[in-house]
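Listed below are the structures to be examined.
In the two complexes below, chain A is the common chain; its partner is chain B in one and chain C in the other.
For the complex of A and B:
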């Protein structure tokens, strides 16, 4: 009999832990790129593996094998540590959201608040990474990251409370399970909350139309300008993990998480629902041009915060 | 097969640098990247920062003014790095040969891997050059 500790260790390491999440991250980056390419009447990645499915993996290996430059002016320790810290934070956030099984790898009553906290820390680490590279482009990009956070943080937190009020629990795992057991899916009962959350997550993962911190036509490559080689590989992996994070969060809070009928393994439902959310995100990426930072902030405070509050008022009135 | 070589040949990210071109070749480079020709099928992405790029795509004859900048951008790229000279001007100076203010082609300043002649080099020629570069990378 294998000791329980070893099984737990392997579950963190392989399934549903690191290896599973990394594979999924590469897969979803391919889905995102391919889907956007098809929407633009292009082929997208085609020759790396069947249908280009190994493209993100090839990018990752290539970046790992490239020279790793640390600029002379950079704050060296912070510059080296932040990409690792970002990946670690994104992964640990994902461990509190149910992915392969109906329960998350780790969960407790109140992990919804903890996940919101981790997401904001992730944004602040981005600022530190940008600041430590001391390039003008990076610094301006980092400032934009935090400005963007001032916009999306408040409405995102408000709408994430909506499902918690109705299901009377602050645990993401329990919210997902509650939706399955009662058949009360919040995507139907709180549609405003779902839309606001998806828009806010778009800003959180810095995808178009909110890729303002990376705006390559204005800022070279924004806050990642000075990162190269292994550090850039880790940052790209973080971005992909954040994409899963967005999909998994919407799935867990509004679509009932990795649950479904007919005794089919829960991971299948997770993949179907998350792919759906990611296709919506990719579609928005192909559909919209980048906003200016003032348009983005103004829009979030003028429209999304009132909408989020309206959703909470409706919930407390018993609608939803 | 060597995994690193495979990965390098499947994901060449480019940075586009104009060293005094008339914009003819620049338009053709952009045409090669956008939907009709779509270089992304080879894994090519246009990057904004030289720190992210593997291939620097240079268009135009190198003017004396831009020479130092070209060198600096080239040095900012992490190795292994490759250079594509797009258009007759970038290959040899073209119609501007022996002008007092030029260096006569990119290879006088930085080592060039692939020359794509043409005025302006057509997107098909650029894709052909890119394919030859990929063959060179994968060895």
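For the complex of A and C:
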């Protein structure tokens, strides 16, 4: 009999822990890149593996082998630590959201609030990373990251509370399970919330039309400009993990999480649902021009915050 | 308030600029108060090079002034030399050159709208436009055998004829390009996120456009009906019906619309020209020595009015060759557009005049072996020139 500690350790390390998440991260980056490429009438990744499926992994390995430059003016320690910290934060956030099993790796009553907290910290770490590299492009990019957070954080938090009110629990795992057991899927009963959450998550993971902090034609690579080699590899992996995070969060809160009928393993349902969400996100990414930072903030406060409040009012009135 | 004013340098190396050019922006917060341009980062000495080459060799040099409006520059040069020779090229050659000029306009305009879409972060439109530009490039390759520098225009005509097979193929492609462009135009003038980034951005009022000598699509987007093809017809432009497209928005959006409309107009011109091509020879022999004299020739390049000045002393090499690329005419206008704009709009405003800074540079100041450069105002340059001539 294998001791319970070892099983737990393996579950963090392999499944549904690090190895599983990393594999999934590379896979979803490929899905995103390929889908956007096809929408834009390009081929996208093509050569590494069937249909270029190994391309994100190949990019990662390539970046690991590249020269790692630290600018002379940079705050060395912070500059070195922030990429690792970002990846760690993104991963630990994902541990509170059910992925492979119907329950998350770790969960407690109130982890919904903890996850929103971790998501904001992730954004703040981005600012620190940008600030520590001291280049003009990075600094402006970092400022834009935080400005953007002022826009999306409040509506996002508000709509995430919607499912919690109805299911009377503050645990993401329980919200997902509650939807499955009662058959009351919030995607149907709180559609406004779902839409607002997806738009906010687009801004959170900094994808077009909210790729303002890394606006290529204005800021080179924005807040990532000075990062190279291993640090850039970690940052890119973090972006991929954040993509899963977005997919998993929407899946858990509005689509019933990794649950489904017919005794099929729950991970299959998780994959289907998150892939669906990621395809929606990729589709939006190909559809719009980039907004200006003031237009983005104005739009979020003028439209998304009232919409989010409307959803909560509807929920408290018993609709949803 | 004065201490809040910061000067932000845009360029010479900047992600918004594809070519080296420097703008010093005086800003107050997010607002740009004034923009001061500095040219001279990519001086290639083309004018000097032209005086040590023969007129025929200069055809290839003129073509390489710009990689995109190559047909326009070589047409302008050849037209000037033919004027010195006091010759008319055969009518068929005029039509072939006209078709090429319009194909050149097509691919340049499609390229620009793509770049503009990229500047506002709409990469899907960028990819689609550049895919369709490929059709035009293939057509050019079909006719001339090359994709970028065509080596097609000769003194006294063109190198090859357009066969009926080619004409049929070109006409088919033009229909595709026109249909797609009409769709993009409809989409661009309705899509909210494009409108938000382009409407009311980079305003250039008609009177300013005139006062600052803007040219090309930039001028026409400020609702001024001016086109060299109409005002001073060259080639066979007076035999072909076409509209001079204008738009009254005076902003980046109307510049986009003007480009779309000119693409549609160009496809119509090409189809009409292919249908009405006169028969006959497409080339005439010319002498190698060009009679003495001087000439100014101008054509409507895709980016605006292109002016070449050629002075001949009766040998087979020009004594002086001067080029004014259209971008130079638009630089004062773009500085006007930049003042009173937001920093975030700078890339799209700069891209809005369809700049080609590397084609523009004619003068640079470098001190001998040290290789050190400096900047002179026009007044200082004038004073220096006067002094130099007095001492001579």
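As a convention for this text, the second predicted complex is superposed on the first by the 320 of 320 C-alpha atoms of A that agree within 3 Å, B and C clash if a C-alpha of one lies under 4 Å from a C-alpha of the other, contacts with A are read in each partner's own complex, and residues count from 1 in each chain.
We take it that a contact is a pair of C-beta atoms (placed from the backbone, for glycine too) under 8 Å apart; a residue touches a chain by one contact, two chains touch by 3 or more.
Keep in mind that this is a model prediction, so the values were computed, not measured.
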Contacts of A:111 with chain B and chain C, given as first, second, both or neither
neither
Touch test for A:211: chain B only (first), chain C only (second), both, or neither?
second
Applying the touch criterion given at the start, work out whether A:240 contacts chain B, chain C, both or neither, answering first, second, both or neither.
neither
A:32 in the overlay: touching chain B, chain C, both, or neither? Say first, second, both or neither.
neither
Let me test your reading of the model: by the given contact rule, A:220 touches which partner, first (chain B), second (chain C), both or neither?
both
Which partner reaches more residues of chain A (counting touched residues only), chain B or chain C
B
Between chain B and chain C, whom does A:40 touch in the aligned arrangement: first, second, both, or neither?
both
Once the structures are superposed on A, label A:153 by its partner contacts, choosing first (chain B), second (chain C), both or neither.
neither
Which of chain B and chain C A:292 touches, first, second, both or neither:
second
Shared contact residues on chain A for chain B and chain C?
40-42, 216-217, 219-220
The residues of chain B that touch chain A in their complex are 3-4, 6-8, 10-11, 35, 38, 40-43, 47-49, 51-52, 54, 76, 78-80
Residue positions on chain A within touch of chain C in the complex are 39-42, 208-209, 211, 215-220, 286-295
Flag every residue of chain A that touches chain B in the complex, lowest number first.
33, 37, 40-48, 52, 54-55, 57-62, 65-69, 137, 216-217, 219-222, 224-229, 232
What residues of chain C sit close enough to touch chain A in their complex?
15-16, 30, 117-125, 127-128, 131, 191, 193-194, 196-197, 342, 344-347
